[in-house]
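Just passing along the structure, written as structure tokens.
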Amino acid sequence: MARVGVFVCFCGANIADFIDVPAVVEEAKKVKEVKVSVLYKYMCSDPGQQMIRDAIIQNRLTSVVVAACSPRMHEKTFRKALSDAGMNPYLLEVANIREHSSWVHQKDKKAATEKANDLIRMAIAKSIANEQLHEISVPVTKRALVIGGGIAGIQAALDIADARIPVTLVEKSPSIGGRMAQLDETFPTLDCSQCILTPKMVDVASHPYIELIPYAEVIELDGYVGNYKAKIKKKASYVNFDTCTGCGACTQKCPVKVPNEFNMNIDKRKAIYTPFPQAVPNKPVIDAEHCTMLLKGKCGICAKVCEKGSIDYKMVDEVIEREIGAVVVATGYDLWDPKPYEEYGVGRYKDIITSLEFERMVSASGPTNGVPLRPSDGKVPKNVVFIKCIGSRDEAKGIEYCSKICCMYTAKHAILLHHKVHDSHAYIFYMDIRAAGKGYEEFVKRAQVETAATYLRGRVSKIYKKGDKLMVRGEDAQIGQVVEVEADLVVLATAVIAPHENPALARLLGISYDKYGYLSEAHPKLRPVETAKAGIFLAGCTQAPKDIPDTVAQASACAAKVCGLFAGDTLKKDPMISTISNEFCSGCLNCVKVCPYQAIVTEEIPLGHGSKELRTVAKINEGVCQGCGSCVAICRSMAISLAGFTDPQIINEIVAI
Amino acid sequence: MNKLTYFPGCSAHGTSEEFDHTLKLVMKTLDVQMEEIPDWNCCGATSAHVMTENLALALPMRNLVLAEKLENKTMGIACASCYSRMKVTKKHLDEHPDLAHKINTTIIDEGEYKGDIDVKSMLQYCFEEIGPEVIKSKVTKPLTGLKVACYYGCLLTRPKDVTHFDSPEYPMSMDILMEALGAKAMEFDFKTECCGASFSISNTDVVESLSGKILEVAKESGAHMIVVACPLCQSNLDMRQPDIERHTGQKFALPVMYFTQLMALAFGFPEKELKLPKHIVPVQEALSHIGEIEPTPEKVKKTKKAVEAESEVE
Amino acid sequence: METEVKKAQGTMVSAENPDITAPADWQPVIMGILCNWCSYAGSDLTGTSRIQYPPNIRIIRVPCSSRVDPWFIIKSLQTAADGVLISGCHPGDCHYISGNYYARRRFLVTKKLLNFIGYHENRVQFSWVSAAEGPKFAKVVAKVTEDIKQLGPLHRYKKENF
Amino acid sequence: MDHSKQIQEIASRLFAENKIDYFVGYRQNSFDDTQVPFLITDPAEIPKLVFTERSVFNLSNYLKPDHTKRKRVGLVVKGCDSRALNLMLTESQVKRENVYIIGICCEGVLNEKGEKAQNCVECVMPDPVVYDEILGTASGKREYIVNADIKELAQKALTERADYFENIFENCIRCNACRHSCPLCYCAKCCIDQETSTLYHGANTSSAGMHALMTWSLHLAGRCVDCRNCEKACPSHLPLHLLHKQNEMVIYENFQQHLAGMEKDDRGAFYKYSLSDPDDFIL
Amino acid sequence: MITLGLQDQNTFLEAVNKKSGANVLECYQCGKCVSTCPVSGYMDFPPREIMQMIKLGLKEETMMANSMWFCLTCSACSGRCPREIDIPAVMEAIRHLAIEENYRSDNKKVKEIRKFHDIFLDMVKRYGRNYELRMMAEFNIRTRNLFKDMHLAPKALLKGKITIGHESTKSAKAIQKMYKLAGKLEKGEK
């Protein structure tokens, strides 16, 4: 026989003024299971809670109903009171007589009182069917996996590792550094990108808690928060990193030249190469698509010149496994290919380049030693036109969104151009100048005033050739005139886009991505670094375009999330999740289909008692289930029940009125 | 033998007789039987859609209805303006079946509109249905040495969602056809800039300024002549060229020929079939470049580049 | 005819069965089933904003509208309720990603089946109320209450033993 | 429509090649011209197998629960039966490799009055959708027709409808024959079982039958193939098809013309959704 | 100065959107159309400004502008518009609205352009097809500019560029009927 205690709160005057509380208390006593029914001014106060604790012990209660404010407010408080009295906290039910009655029926005390009676009766009935529940604890593997070795991945890995949590950092290219390594100077301070990045890269390589796996990709992720298992494919580098000293003899002697992707294909690298001089790890890899030894079996020069014998042409891809507890995804961004701008003659005119190509040219260590040159004739340009929003904010040819960083880097380019070629002039076609950030507007002003860059408000409509010049035509909307600029070089500020591998990666990780391919955060405002899948976090441009400060901030936020997750030895989880009865599950597996979290897995059990034949039934993965109840409502054989919202509980509530 | 329903357009019987004539010659060589739509009428370009709504749809629709009665389901149109009107109308009618039904029943007597005809410009027909390979195979007198600037005008490739043909900004189909004939198609930036056709009578100074710019850029490209696929473009660029030269003080001397004229020439028809005297700007000088064997340094460079692109061994 | 006479006298007559009547001051009971994250939070907001609405609704909290099995509705109508209101998150806002989309399909079929079998279609109503839509919740409840008052008492099986 | 000979031949072949452990078909009833399902394990009984327009029952029912996980079965199915079988396959109730399906292009079966049955008149798919061997000539998918009884009832006033259903469903004796005859009701526990339905919809009350059957019909919504095994099995002759056809109609009209069991791997209308599903009934 | 906020509802914008099938509100004033348009230099207000005027509901100013009469419908602007607005359709819509509501610009060029179109349609009405020389001549007579382009005529005639004679089509009768019916239909719609 159930023994229920009912505790009705006055909430000062909030409830008592509009509900006849003593009558409610008396009404509750009429239910035969109710052993004690009392009222108090503030149930949530210490004496109020003490009253509950005492009553539980004195009356040997089997469940407790508190009639007060919304359970969204104080459910946790009262649950704690129950456990303090040695009772299972989930035997509590809250009747919401404040938000649902006294506050909304202030003009009709009788009706509000009646409603309160019903709400309490329902809560009593439900509480009778309540079961003891226990917090689920999930073991946790304290190792984080960071995917991507750009500034976001580097920052996240360092911050996590500094908290003495082991990190595995996987980078797909031979060196970490990412896009930031390609930049010359950074806005708004114009400090050299390499100078601030390379120390961090070296830290990664030497950090005792970081395991760096370059030239590798994550190919599989199983499990759930705290208990993931990742498979990582290490691509064959054909160089034994353990013995290689990075002396560089092989790259010098290699006879095969290949366009250098690090320098945007402006110059050449060798078939055995390190992407750039400050690469980490500073060990070369062989590009299997171009190496004549690997393709045709001829050459072998690198092996001959290597004193350490580190070259191994027979090396194959290797798959390694790591057990991890959390994942930080930091795969960065790609740049949009401006080919659709046919009216500009993109692809036909060599002197139209992209911003990143310009960035490499003005970089002191770049292919042109820091001087921008016209690709067509190698001359130094005088008039340079920068066109913003190439692909950005262009539904017709590119993408709808603003790429966020182009306004700033174009201003930077104008300044850098002026630094490198003093008698040059920058013309910038823009639609809006978006300089929201610390020191950003001041930086744009610097471009406009100090370097006297000419800002023209309008989208360029046409570029055509006249002699060796490019004629750039656009409207200057400020004066309402169509203008043409005679340009030596045109630089297109191409849009930031999501890496094309993102959708495949998202499927592999079991997280969602938006229509552009950016990985989706759990909530756009309040959970910007989490994904819908617990234990997977996002850092940097893989979530949306952002500049370096924002990227670093988000990476550090990821690190904080990971450290928080790993703070205890186990992860605690709300026990209000589904369970499936093997006995009744008929194995139709429709629940697997509707579960939004892939929390339902299958299990083989004997067909009958002791029989050899097997049948498949569904099984809840406790670590993953979030307790929505979708599966419960579609389960025809009533094999699934959701703790806290079971069928008997809800029937009791319905019948109680 | 291929069959083709043919809509010549008003100018085929006037200003652009040479287009019509050479088109028929060329199509015969290419084994295409052209059947002119009986009792066709003006499509209304460019005035009907400027001034009216229903009539602008009804005029081309009548032609479509008449064409649907013929057995063949592909319609070829010589004039770019007519082509555009016909395509726009067909798209609009197909997207708004209620409107199509209303106009069909209240204005047009000739029968029911079904919308089952495929409308193509003659350039599109040559490029897509016949193909440069077949055209190349018919060439008996290649146009080697002739440099041409291919001018498409606004309406052959635009708007893209109406024409579904080639690029609206930098089309290449005519260039490829010209290359198939042996001529050299020059890089030309103003392929699809407007010549001002709809103002060719009412607002001639606009036409002169727009066409002047096109001629200037074509000259800059190094071409001997401009090749067109539209009668309005031809008359604007050709007939008004002396005036433009006078007003701007530049000398162009760029003859403007239809692509079919050059096809006819390459297929071996005698020059008199081209009706060259109809041209205001003399053609002979430009045609004399045919047969000039040009040193082609670019070709050598190209092969070297190709090698570079793959991988190069020192 | 008889029904109209009764109605004219102020007696409430059931839309489904003219033999079932109630006195003029009869108040319906409405079962409200709300999802925890949007509609329940929205109804709390109605409370904190002190927006007044008719007191006929009795609220059951479920985690998500997808937890609502059609028998919740059937059982409610079969027992005490004269009407049912079910409310969840707006499409696309579901806390559990897609729960309300599945629920929406079931709701439509259930509503039509109930109507076919002899329940007035206004007896069962659905709404999307977000956590920010306190005023909307009050409006929805007022509308549903008014609709059900119009339909009169349902208590066909009230005397049955459950 | 008489495929008796062909079915007998196939059955003997299957037994001879040891491809099946038993065969499910139809046999003539001894006392009138109706037929009953017939399960044989002995090839000697093959000559008794018949198939005519009197072969009304849906034999897919004889594969549940989990029969094919133990034995290999030969089975005769008509269009609607095969749709049910298709769903059973999708819902992993039948092991495909253990069932040999003889699909019949159905020309419609007769009701007890000797007329063409209503579900055959309104049939959308007379041809089998899953089979190993097909008999007869396929006639293709037909247009969906709204059930005649539904149309008629929908015309009536609400009070009349309420009255009708209340009276007719009072006759439900809670015997569960409907559930046992349905090939798609293979659950170990069901909402109309005595034990559960007492909890969910009350025991021994006049309304319990109707409300339990409503819940049951919603479990079959988007899955019911209109074979009417349940109706044939019902000792109280309840018009159970009304519930199923009503749900089928709503689903067909609102959810991309969905029909149960037509395609492989289609789990039914309640196990998927479209962003553009009707929203106008929601406040 | 223009005072805004006097209208409750921008009916002009609604009318233009409805007639054109485009959504003028999508315009974000990038100006690509202006530098694309071959005749924007001749317009009182280039396309970008017209779009903004429609958004502001400046009906009188828009209707009296010459912009839509100068539009060549070459579709270059819409092909390049980053928001894919069908600008020629918008121009056509305001042109048709101007005709319907009888806005007449005093601009000489606009008058000439309208006259030309009238003559053209007249020609098609009479013969079912159009004949350039006759049209040219008629245009010059009606605009009282007898000698315009006359220097071209002899040359063109001589070269057979323009023919004098013309064929009357069988269709002429049918076309005349179409004109009548189309006119009626348009009136009926209002």
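In this document, chain identifiers A, B, C, D and E correspond to the written order of the chains, with residue numbering beginning at 1 in each.
One rule holds for everything that comes next: a residue touches a chain if its C-beta (ideal position, glycine included) is under 8 Å from a C-beta of that chain, and two chains touch if they have at least 3 such contacts.
Note that this is a predicted model, so its numbers are computed, not measured.
Q: Listed by label, which chains are in contact with subunit D and with subunit E?
A: A
Q: Which chain has its C-alpha centroid farthest away from the centroid of subunit B?
A: Chain C.
Q: More C-beta pairs touching across which pair, A-C or A-D?
A: Counting C-beta pairs in contact, A-C comes out ahead.
Q: Using mean Cα positions, find the chain sitting nearest the overall protein centre.
A: Smallest offset from the overall C-alpha mean is found for A.
Q: Measuring from the mean C-alpha position of subunit C to the mean C-alpha position of subunit E, what distance in angstrom results?
A: Result: the chain centres lie 59 Å from each other.
Q: Using the average of all C-alpha atoms in each chain as its centre, how far is it in Å between subunit A and subunit E?
A: 53
Q: Could you grab the centroid distance between subunit B and subunit E? Build each centroid from C-alpha atoms only and quote it in angstrom.
A: 24
Q: Starting from the mean Cα coordinates of subunit B and subunit C, work out the distance between those two points in Å.
A: 68
Q: Among the residues of subunit C, pick out those that touch two or more other chains and give their numbers.
A: In subunit C, 75, 98, 102, 106, 162 touch at least two other chains.
Q: Quick check on subunit A: which residues sit in contact with 2+ other chains?
A: 343, 462, 594, 634, 647, 651 - these are the residues of subunit A that touch more than one other chain.
Q: Residues of subunit D touching 2+ other chains?
A: Residue numbers touching two or more other chains: 191, 200, 270-271.
Q: How do the chains pair up in terms of touching? List each pair.
A: A-B, A-C, A-D, A-E, B-E, C-D
Q: Show which residues of subunit A lie in contact with subunit C when the two form their complex.
A: 70-73, 96, 98-101, 103-108, 111-112, 114-115, 118-119, 122, 532, 576, 594, 596-597, 626-630, 632-634, 642, 645, 647, 650-651, 653-655, 657
Q: In their complex, what parts of subunit A are in touch with subunit E?
A: Subunit A residues touching subunit E: 343, 389, 393-397, 431, 457-462, 473-477, 480, 482-483.
Q: Which bits of subunit D are touching subunit A when the two form their complex?
A: Listed in rising order, the residues are 65-66, 69-70, 91-93, 186-191, 196, 199-200, 219, 267-268, 270-272.
Q: Give the list of subunit C residues in touch with subunit A in this complex.
A: It comes out as residues 27, 29, 31, 36, 40-41, 43-44, 46-48, 50-53, 55, 58-64, 66-69, 72, 75-76, 79-81, 95-99, 102-103, 106, 138, 162.
Q: Give the list of subunit C residues in touch with subunit D in this complex.
A: Residue list for subunit C touching subunit D: 15-18, 70-71, 74-75, 78, 91, 98, 101-102, 104-120, 125-128, 140, 143-144, 156-157, 160-162.
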